[in-house]
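First subunit A sits with subunit B, and in the next complex the same chain sits with subunit C.
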Partner chain A sequence: MLSHLRGTFCVLSAGVQRAWSSSSCLFMDPSSPGLVLQSQSTDVFQNLALEDWIDAHVDLQQRSVLLLWRNRPTVVIGRHQNPWAECNLPAMRSAQVPVARRRSGGGTVYHDLGNLNLTFFASKKAYDRRRNLKVVTDALRRVRPQLDIQATDRLDILLNGHYKISGTASRLSRKSSYHHCTLLHSADRSAIAVLLRPSCPGIRSNATPSIPSPVANLSDHAPSLQWEELLEAVVQQYSSEFGLTSSSQCVDPADEALFPGVGSMEAELRSWEWTFGKTPKFSVETQLELRDERPAARCSAQLQLEVKNGRVESCRVEVPATWLPERLSASLAQALLGERFCPHRAAAALSALLRCESGPLHSRLHNLCDVLVAAMG
Partner chain B sequence: MYNFIMLLNNRLIIIYLFFNQLIMFYRLLADYYLWVLNTISFGNGKLFALSPLQPENLVYPTQLPRLLPAPSLSHRCDRSSSSADRLLSHSYHVIPFPVSHQEFRPLPLCHPPVLSACHPTTLNNNVPYNPRSSVFQVQYFRTSVAYRDEVITVKTPAFAESVTEGDVRWEKAVGDSVSEDEVVCEIETDKTSVQVPSPAAGVIEELLVPDGGKVEGGTPLFKLKKGAGAAKAPESPKAAAAPSPPSAAPTPPPPPSTVEPIPTTMPPVPPVPAHAMDTKPVSAIKPTAAPAAPAAHAEGGAKAARTESRVKMNRMRLRIAQRLKEAQNTCAMLTTFNEVDMSNISEMRKAYKDAFLKKHNIKLGFMSAFVKAAAYALVDQPAVNAVIDDTTKEIVYRDYVDISVAVATPKGLVVPVIRNVEEMNFTDIEKAINLLGEKARKNELAVEDMDGGTFTISNGGVFGSLFGTPIINPPQSAILGMHGIFDRPVAVGGKVEIRPMMYVALTYDHRLIDGREAVTFLRKIKSVVEDPRVLLLDM
Partner chain C sequence: MAAVTRRSFSALRVLLTQQYRRRSFGPQNLRLSRTESAPSRWAASLQTSCNRTLQTTVERRRPVVQFKLSDIGEGIMEVTVKEWYVKEGDRVSQFDSICEVQSDKASVTITSRYDGVIRRLYYEADATALVGKPLVDIETESASELSQEDVVETPAMAREEHTHQEIKGHKTQATPAVRRLAMENNIKLSEVVGTGKDGRILKEDILNFLAKQTGAILPPAPLFQEVQTPGPAAAPPLSAPAAVRPPPAAPRPVFTGKDVTEPLKGFHKAMVKTMTAALKIPHFGYCDEVDLSRLVLLRSELKPVAERRGIKLSYLPFFIKAASLSLLHFPILNSTLDEGCQNITFKASHNIGVAMDTSQGLLVPSVKSVQLLSVFQVAQELTRLQALGAAGQLGTAELSGGTFTLSNIGSVLPRFGPDGQVKAAHIMKVSWSADHRLIDGATMCRFSNLWREYLENPASMILDLK
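== the complex of A and B ==
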């Protein structure tokens, strides 16, 4: 069903699709005060790069733009959040779900093909988030009047007064602004529960926290509501609210001719430096449980890490001296300094240390390394 | 009588002309005096740029403008620009002065005196200023006494939609130089991220709110020292070497500030990196470019900067360096060589590679042959598979063979291990190498993948090495180095033939392995690779 949806994503029931050869004819059409675009791509980085491109390059003083997009399963964190605290990175790695950091603030969301994203671009003066949400709530009320849809003070949209179906985030640049929100149509809620939990214990940071709320899909409460119908309703409501005449256009965010420079924006959003390196400073304090196979013994150690810009700034491992000699735990801590806070990098760094030891110390050190790497998520 | 009057008239005309010239000359002096006052006056402290295009490359005439001789009347119609050009073309010495040209716009610009005699009747201040006129080739710069130390405090902008407070997230730090409108920090308010740009170019002096601290609209955020980063801009030498200024100003010479004294000693020869550091990737992995020193300093500003750049050593590199030196100090390392005729194994590979690819979905390379040969030889010579335990002074013999294959990745050398090679055949070995290569490329190697190993193989041949001595990877006792395959004339059966030959090197710890064992070991590898049937027959 999802592949069917993907195939028909760009088919509109009405309106003509024109092939745009350059961005100037797309955006400089003076007749309409606004534009509705649909992204053909389901890659989160391409879509986020398209958002940035429109924010940076389109003159929004006289017109506004609405961008509709959706992504393959991804976790998207807010600009100032901590990915290790917000999402379960090892589970995501095994499920092949990438993590992306967007440029607007707010909390963490799980995107997949059953989740519609809407971005409202406007000039700073015309920045009105309630009006944008009114577009969405009015559209929903028009197609399914029996549903109880309310927008709250925190700019969420609640279904039946309790379930959150939409969350909001926005960004104010120097002259322009954008406000985007999600809309849960038929997302995978079990994945949300599994993936949106901390990767490693003991994280303490002042990054923006996410506020978890119970979520629901529109399709659960209105099973007859199809994706295309929802899309059409939103586009129509936006057109009538903002006085547009033309219908929506399909665009490919990877098209360099239409959006020159979008490729480099996408590359920046994919980079480790942006996704993890922009994390505000945080510290990890946890206890490690160590055990030795022969003889069967166990002990516990303290781990304290300070991570800045995604790299380990300071590290202390307190292991009882009877378990491992001081010099080994000191050199272990030393080995991690300056490395990225990533289990693979840590593994590579620690294995170089391991190669020097042998005998009973080796197995204990190996165990400590394993536990340490596991604690990093 | 008439003749006398004519003579008098002539003389009067001459005297009139003479005085005219004198007046022009004095006017010229007056002009020059005014110009000097304008340019060097400290009361105003202002010099004006007339050519806003290249504010960095400003011409400061170091010679006094030459007073032109009184021109003859025939030159009256000459374009004044030509003499100005000639004048300015004599000033070759340029000191670039990076000043933001935007500061010049609101100031009233004074028309500088035209240093030629072709405007005898115009006063300076009456000629309207025309920046596009080709007369004004002189560029001035500001000695901003008044602006030099100005520090401004930037406040939080007002929040939209009745939001009261937000968190500050700093993008820049104290001491960073920012340009106008560059984002200094972002304020997060209620799911919104608001950018705070810098109002002017300068250097950030102080951050008044900690990272993550709460601010309200109007709270002072940071202090900015204006000045376009004049004091600290390291790009000024680069900017000077940047595209040369247009029009009459000559090409600027290298800025004098970065001229270094001529070095009297040779720069130190960089140490030759140990062989293991240069080891090449496994066949499946493409070699990635080594993290070189920042190339920015190598190019651009060609004749200008001879700067150094310091890059902190990677942690991994530091540790590997330490281990290698320890290995060198404890082991008695020496190397023995041999050469291998690769014609048989190449032929085997050529004959079977397509079928192999079809059946197993991976490529058949040479590494599997060498790995298997090494395993066979290690089983045959257990001393090479053993290791000395320095703490207990024991020799540890192992009956399993774990071969580490040295792989170069962007973050340094990693040595993943293939376990129990003595039980594997060529296919299993290729599969294992492939799997490890994939993991290494995706940065997914776990501790278990890299721990242990009784013997190492490193392949220098991918980069074309002919001959070399690998360095032992502690805590092992030997390492096999493979080099490039080159066609060479060799003696085969009394005749000279061209064969693809590869040099192999075995570095071993002489404390444990004797010369005879090492050479026998290497010869065994050679015999297996030259004729894989040896494996079947267990020769």
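== the complex of A and C ==
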């Protein structure tokens, strides 16, 4: 069967032939109805692109696939969420933690090397999240029977009935589906508290909100449980649940020969248009505190912004006319229109304006610019 | 003869009526049960020359289908519509994404089962949609695309078996029109690399594949076989790969190349204002050349010292410090004129701006108070600004307050040596631009000479160190 199909590939050009025959070998072994893959990469965009690739290219009507992966520190938001509302982007920039938007729904999670991600690929007909979670809970109970592990109605997994060690999200396409979940082995919990808070005040949106829960690491309650042991347990349980014989295989998600087209999928996931431009429309309403040094004086102003597709669609800055003439605050608001909702883009546009204005109002204008930029996260 | 005429006349009528479309078309004008009898009635009415009858039968021939939200599984009965990918009036092909809905942490892409035009969206974004109820109305193109019930699986599967084989383990996505094109040209879809969404094979991919095989660009095959116009080489099937067809009269365009107009916004709009204001000031320019040979030597000596302190030393800190030292002798170059041209302000701080090319465009952050800084400190500050610029993180503090700006684009030029031979020398061309209202040519020249002397003989900077 395999040789017949290999024969069919001969008409292809050399590069493409190598590609199809490699991935078809990987995905087409007729002796096994399933496959377990482990990603060699710790880059969230490469791993998410690999998920997309498997979802788009593997015939899941005949088989199911389990993908195991982990990422360097990253914040991952759900498909329909608002990154400014969910995570502290300035703090993340200083810590060099990127934000990624995944294609599945659900809430925001913090990934690092102590968090195991599991993706269960199946046909739309075979989509069964409870069965998948049962693989995880059974595996844990088998290796550490003393732990109290339960899956809830909301498809979380709780430790001791209280601490969340796993969250779930999924994506359904025309004929295929995938369900992925996290599993906290030894993640940095202090980072979660710092990074998963809003970037700026006053955001109002209809984006999917996250529901915060107390979390715990498996390693806190079962210190002897090593990473490799956890992986092995999950793979074994998956194999027995889904009737497989093959063991897991390591793959490189950046291998264009094995996964043709994965590079462009990765580029899309990294792009600003996907990560920020896909944010549902939202508004920002907040008070700005203005001050002047010479003479010392203070004033409050109102900022109202509408952001659509990640860009400022409308902007109103209401400053008392005694503080700054209306034409100046209006021209500042004007300068932001159409720009990305981003403090750096705002700084560039406003600085260009500042150069045009000199005179006694310059310091107040400069202060207003600073405060405006700070309000944008 | 008469019969032939009538048939070709019918063919022409078909062409005309297919191209004629009515604007508004509500579902209440159509009853699905009638469509089966429509073709025969239409054929009969073609014989008459009554326009209105023709139009009525055209209406019946283009039905609007209510596309219902199919079952998502797990007993889910309602979802939230999160994002529409189409709007009313958009043309869709089979398998195009229509919208994204969310339910209980699952994000679901709903794709179209038909080729056609979107006529109605039943929900707005963030509304709750019910499973089994209509989601959109699609006006399809032919009666054969219809079916009574909206079940996602069956008709699409039948179509796939019909047209092209799927290699097991790899599914190829392509619309029926694309599959037909491939079949007509004896192309296996598995051999074509799809460049569409999700790796879908587009018409362009088939055409590119064909072009690669023959070395010529072919016109697209006509999709409606009824239109048999004797055009130039109307899509002959590819049998002999060696044959090179002459290029057709109307070559297939690779891209539309249309002009695109969009309003100026944000940073670019602000730049227009800045530059327009700058143009109101009379400028003059002054050019010179600086021999950097000694500076090159000095820098190569100091580079390891700076590296030990963690800073990469370039030439820019020297240029900036030399400019500041020169400004001490020519303070008028660090001054501004007010709006009414009444008062001149001599700025105490030498805030020297450095032009940087960033992803946001050309930005000019400034190093503040260079008169108080050593060359090394200037280098440190520059490193900090360059890192911020590269990360797109320059703020208003960095970007404003500049009083004097350097834009660096030096290059190595050949020179004639004393012996008349061409040799490499580190010559940098420099040009200054100044406000002629305050600064005259002689002052500019003297400033430039002083700056040049500091750089050509860096040791002299030590004499004037503060």
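Keep in mind that, in the parts below, the second predicted complex is superposed on the first by the 356 of 377 C-alpha atoms of A that agree within 3 Å, B and C clash if a C-alpha of one lies under 4 Å from a C-alpha of the other, contacts with A are read in each partner's own complex, and residues count from 1 in each chain.
Please note the rule applied: a contact is a pair of C-beta atoms (placed from the backbone, for glycine too) under 8 Å apart; a residue touches a chain by one contact, two chains touch by 3 or more.
Everything numeric here is computed off the predicted structure, so don't read it as measured data.
In the three-chain model built by superposing on subunit A, subunit B clashes with subunit C. After overlaying the two complexes on the shared chain, residue contacts for A:Ala349 are found with subunit B and with subunit C alike. In the superposition on chain A, contact of A:Pro260 is made with subunit C only, not with subunit B. After overlaying the two complexes on the shared chain, residue contacts for A:Gly105 are found with subunit B and with subunit C alike.
By the document's definition of touching, of the two partners only subunit C reaches A:Asp59; subunit B does not. Of the two partner chains placed by superposition, A:Ile165 touches none, neither subunit B nor subunit C. Between subunit B and subunit C, it is C that contacts the larger number of residues in subunit A.
Once the complexes are superposed on chain A, the part of subunit B occupying the same space as subunit C corresponds, among 43-51, 79-87, 115-123 or 259-267, to 43-51. Taken together, the two structures place residues 78-80, 103-107, 124, 127, 129, 155, 168-174, 206, 208, 280, 335-339, 344-345, 347-356, 358-359, 366, 369-370, 373 of subunit A in contact with subunit B in one case and with subunit C in the other. Looking at the complex, you find that subunit A touches subunit C at residues 5, 8, 11-12, 16, 20, 23-24, 27-28, 56-59, 62, 78-80, 93, 103-107, 124-125, 127-129, 155, 168-175, 206, 208, 260-261, 278, 280, 312, 334-340, 343-345, 347-356, 358-359, 366, 369-370, 373. By the touch criterion stated above, subunit B contacts subunit A in their complex at residues 160-161, 167, 169, 181, 186, 188-195, 197, 211-212, 312, 314-316, 319-320, 323, 326, 387, 389, 391-392, 396, 411-412, 414-415, 443-447, 450-451, 453, 473-475. Looking at the complex, you find that subunit C touches subunit A at residues 72-74, 82-83, 95, 100, 102-109, 111, 125-126, 152-153, 166-171, 188, 190-191, 193, 198-199, 263, 265-267, 269-271, 273-274, 277, 336, 338-339, 360-361, 363, 391-397, 399-400. Residues 78-80, 103-107, 124, 127, 129, 154-155, 168-174, 206-208, 280-281, 335-339, 342, 344-345, 347-356, 358-359, 366, 369-370, 373 of subunit A touch subunit B in their complex.
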